[in-house]
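The structures considered in this document are given below.
Same chain, two partners: chain A is paired with chain B first, then with chain C.
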Partner chain A sequence: MSEKELGQKWDRCLADCAVKIGTGLGVGIVFSVVFFKRRTLPITFCTGLGLGMAYSNCQNDFKSHYVLHSTIAK
Partner chain B sequence: MLRVCWKGARAAARQCVCAKVTGQPLQHCRRYTTAGESGSTAGKIVAASLLTVGGGVSGTILYAKWDPKFRANVEKSIPYSDQLFEMALGPPPPPLVPLQKKPAKLEPLQISSLSEASKESKQPKAKAKKSDPAPLAAVEEAPAPPAPKTFEEECKECSHPEPVLKERSADEVTARLAQQDKAEHDALMALTAGLEETLGSTAKVTLQSIGAQEVALTAIAAHTNKIKEAMDSQTPPDKKSSQWRELNEAMSERTRAVDEAGEALLKAKEELEKLRSVINYAKGSKIHAARPQILAAEENLHNMIVDLDAVVTKVQNAQTEATIVSQYSELVNEAKVQFQKELASITPEIQANWKGLTGKLSADDLNALIAHAHRRIDQLNRELAEQRVREQIHIETALEQQKLENKKAVERAVISALEHSHEDMRLEQEKKMEEVREVMEAEMRTQLRRQAAAHTDHLRDVLKVQEQELREEALEILNSKVMEQETRYRRLTQEQLDTFTLDMNSAYARLKGIEEAIDSHVIAEQEARKAHHLWLSVEALNYTLRSAGADSPTEPLDGAVCAIKERCAENEFAQALAGAIPDESLSRGIYSEASLRARFYDIRRLARRVALIDETRNSLYQYFLSYLQAVLLFEREQEAPPTKLRPEDLHTFKLLAYATYSIERGDLELAAKFVNQLRGESRRVAQDWLKEARLTLETKQVISLLSAYANATGLGTTQAP
Partner chain C sequence: MAAKILPVVKLATKVTIAGGAIYVAYDSGLLGGGEEGSVALARAKAAVPPAVEEWMKYFGFELPATPKIEFSPLDAWNSGVQKSIHALSVAPSTMSDYSKQGLQYLKDLSK
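Then we have the complex of A and B:
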């Protein structure tokens, strides 16, 4: 079912987003607590990192159909 | 010069016009002056041009009056100039009529007149027209009609160019010639007969008269001799009376002879006149062949006249002599009578015949007689002397008289001799003319014969050529006719053959048709049975189609299709159709239309959401935008698709609207077509649905075909191949 594909992609995307942001948040908190004296910078930074990664992944997932794959002809 | 005038006129006109056009209130006075100046020069130019034109026209008219050819040329080239000329000069002179017609007209008249009757034709042109040598032209003053007549006829035969006459046929010509010859001959015969007759009679009469004249001559001579004798007083007296009697007889004889001679002469003269008139008539009849006879007759006439005249002169001479002698005798008689009278007066007793009375006379009587005789002698001597004196005068007067008479006689003789010689010369001339004419006739005949020979040769050649041509023509015609007949015959046989073949073919075809019909009936029945089977199978297939659930596909159609395939193993069409069912439907089954419809709405929603996404735009941001568009765009859910799609209709929303409309109306095919037009992500989203729709449609199509086919064959209207 091709119509389900999009939904599946969104699901994946959101799941991934949630995971990544959570992970980023966690890592950020850990870093901020451990290495950066409870500053919010690493939290936001890592969250952003996570968000960005999630976004990028999401985008890649959505674009995946349209990306041209090249092979090196031997 | 014309151009100069033209330029001047134009300059003047321009000046005037310019002056008028550029007339401004400040330049009023200037305008007047310039207008005045230009007006005068313009006037001059106009006057000059008028003069030129008038001069040209008058010159043309004058020259046309002098030269009619120029007039004709001008009339031809310039349209209304002929009216002008007529007005000015009068009507044009008539063209010169050629004078060639008159001689041509004259000649047919001559020819017709010649050929109709043998009238005299005096025109030398008729002869000049002939192509004869000069000698004939020399005999022009006495034209011979038969020669020109025959020649004209022969000319016609020789096809002489004569535009007015038409050529008579050869038969007619020969008939006419023969007729003319015969007429000529007859006339000639009549003429010669007449001539000879008159000649003979005239000769006879003339001879008679000559004879009579000679008789008269002899009679006169005899009488004169008798008188002379009687004058002589030598004869004895008794013979005197017989002498006198003889004299009287001779006298009467002479008178009778003279009368007879006179009568005969009159008759001869009459006959001569008749002969002359006949000769003139013969001359007038103009028959050529009679000429020598005419000439001979004329000669004879002339001779007769001459002889007659000679004899008449002789008779006249004799008569004069006789008169002299008679006068002399009369004188003598008179003297005797006188003497006797005197004697009788003196001697009354003495009667006549005094010579016998010498014895009876007395001395007185004798003395008286002697005295009378002496006196008489004296008187006679005196008379003689007187006579001698008057001799000379008498002789002179007599000589004069004689001279006069001689002169008269000489004149008369000269005149008659002149006449005779004139007549002789004329006759000679005529004879010579006749000879020349004969010669010329002979020559002309030879020429004509030559011409006739040439003509016959030419005719022969022409006839030969014509014969050849005609023969060829006839052969050609024959050949063509034969060919025509042949082709016609062939065509007819071919037609017969064709019709027969046609009939045979048609009969055979009909037989075949009948056989086929029977076979086809058998086949049709078989087919009907098969179709029944097929129909049943197809119905089974249709029933399986109905087994589709809401979201689940039907049962796999494999079984039914196999059944169909089994049932209709020999039916290729059914086999093909059954084979055309896609495998997917066979193995998995197909979705129903209703499920597809339901699914469509999901597709629609999704497709709307990803309307902006395609190869170029597929980032998340675009996704966000696309979602925003889908939320914010309001449009009709269903829209009737037009019969013709425009390019601007091919965007997602429109297509989806059309597809929705179609699917609501149950037209899955059209909806699928519209969905097929989606591009980009929308298309990807709708891909599966489209596939399913295609599958369903395909299968349905095949099944509908099969059922239609089954129905059709079941109805028996189609024949299986």
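Then we have the complex of A and C:
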């Protein structure tokens, strides 16, 4: 993996992380207000979900360079 | 009759709101892969300044202009390492120059 490609992957990873955490926070706030009487548990849970999704995406993105990709011949 | 229907209507409303929030997040590509997330962030960055200007015009006051910072973390990320290694690479020639200057100074003093 070249230095430039690695830098682009990091940029994508950090941007995705910001988006997922923000989305988790937003959805958590909605759930907290609507269902859980403004408790903080849904907010932290959904923010954590977003962080986990971002981590998983980053992990796949960094690994994809080394994983053999195959297609099924039809 | 109405007393029995009201809790059901309330629950249905809550489920609709929560489901709608999740659907909007999914539809905007916020829950997809890394590429879609960075595209969504770029779209949000492009959409925020005009939206802020519209709201400012609507409310009738102006925000102070955001100060422009010259420092770029992306460019400065490796600057410590680069400067250290550069200093190490020029260290022999620098030491040699300083030694010559020191010797010259001592010679001038002894004259």
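The rule is short, and it goes like this: the second predicted complex is superposed on the first by the 73 of 74 C-alpha atoms of A that agree within 3 Å, B and C clash if a C-alpha of one lies under 4 Å from a C-alpha of the other, contacts with A are read in each partner's own complex, and residues count from 1 in each chain.
Criterion: a residue touches a chain if its C-beta (ideal position, glycine included) is under 8 Å from a C-beta of that chain, and two chains touch if they have at least 3 such contacts.
From a predicted model like this one, the values you see are computed outputs, not experimental measurements.
Annotation: superposed three-chain arrangement on chain A; chain B versus chain C shows no clash, the two fitting side by side. Contact with chain B, but none with chain C, is seen for A:M1 once the two complexes are overlaid on the shared chain. Legend: residue contacts after superposition of the two complexes on their common chain; A:D11 is shown touching chain C, with no touch to chain B.
By the touch criterion defined above, A:Q59 lies against chain B but remains apart from chain C after alignment on the C-alpha atoms of chain A. When both complexes are overlaid on chain A, the residue A:T44 reaches neither chain B nor chain C.
Angle at the C-alpha centre of chain A formed with the centres of chain B and chain C, after superposition on chain A: 100°, rounded to the nearest 10.
When the two structures are aligned on the shared chain, A:F31 is found in touch with chain C, with no touch to chain B.
Of the two partner chains placed by superposition, only chain C is touched by A:K20; chain B is not. Comparing chain B with chain C, the partner in contact with more residues of chain A is C. Taking the two complexes aligned on chain A, the least Cα distance separating chain B from chain C is 7 Å. The intersection of chain A residues touching chain B with those touching chain C, taken from the two complexes, comprises 58.
Those residues of chain B whose C-beta lies close enough to touch chain A in the complex are 599, 602-603, 606, 610, 613-615, 618-620, 623, 681, 684-689. Taken together, the chain C residues at the contact with chain A in this complex read 14, 17-18, 21-22, 25, 30-31, 33-35, 37-38, 40-42.
Of all residues in chain A, those touching chain B in their complex are 1-3, 5-6, 55, 58-59, 62-63, 65-66.
The touching residues of chain A, counted against chain C in their complex, run 11-13, 15-16, 18-20, 23, 26-27, 30-31, 34-35, 53-54, 57-58, 60-61.
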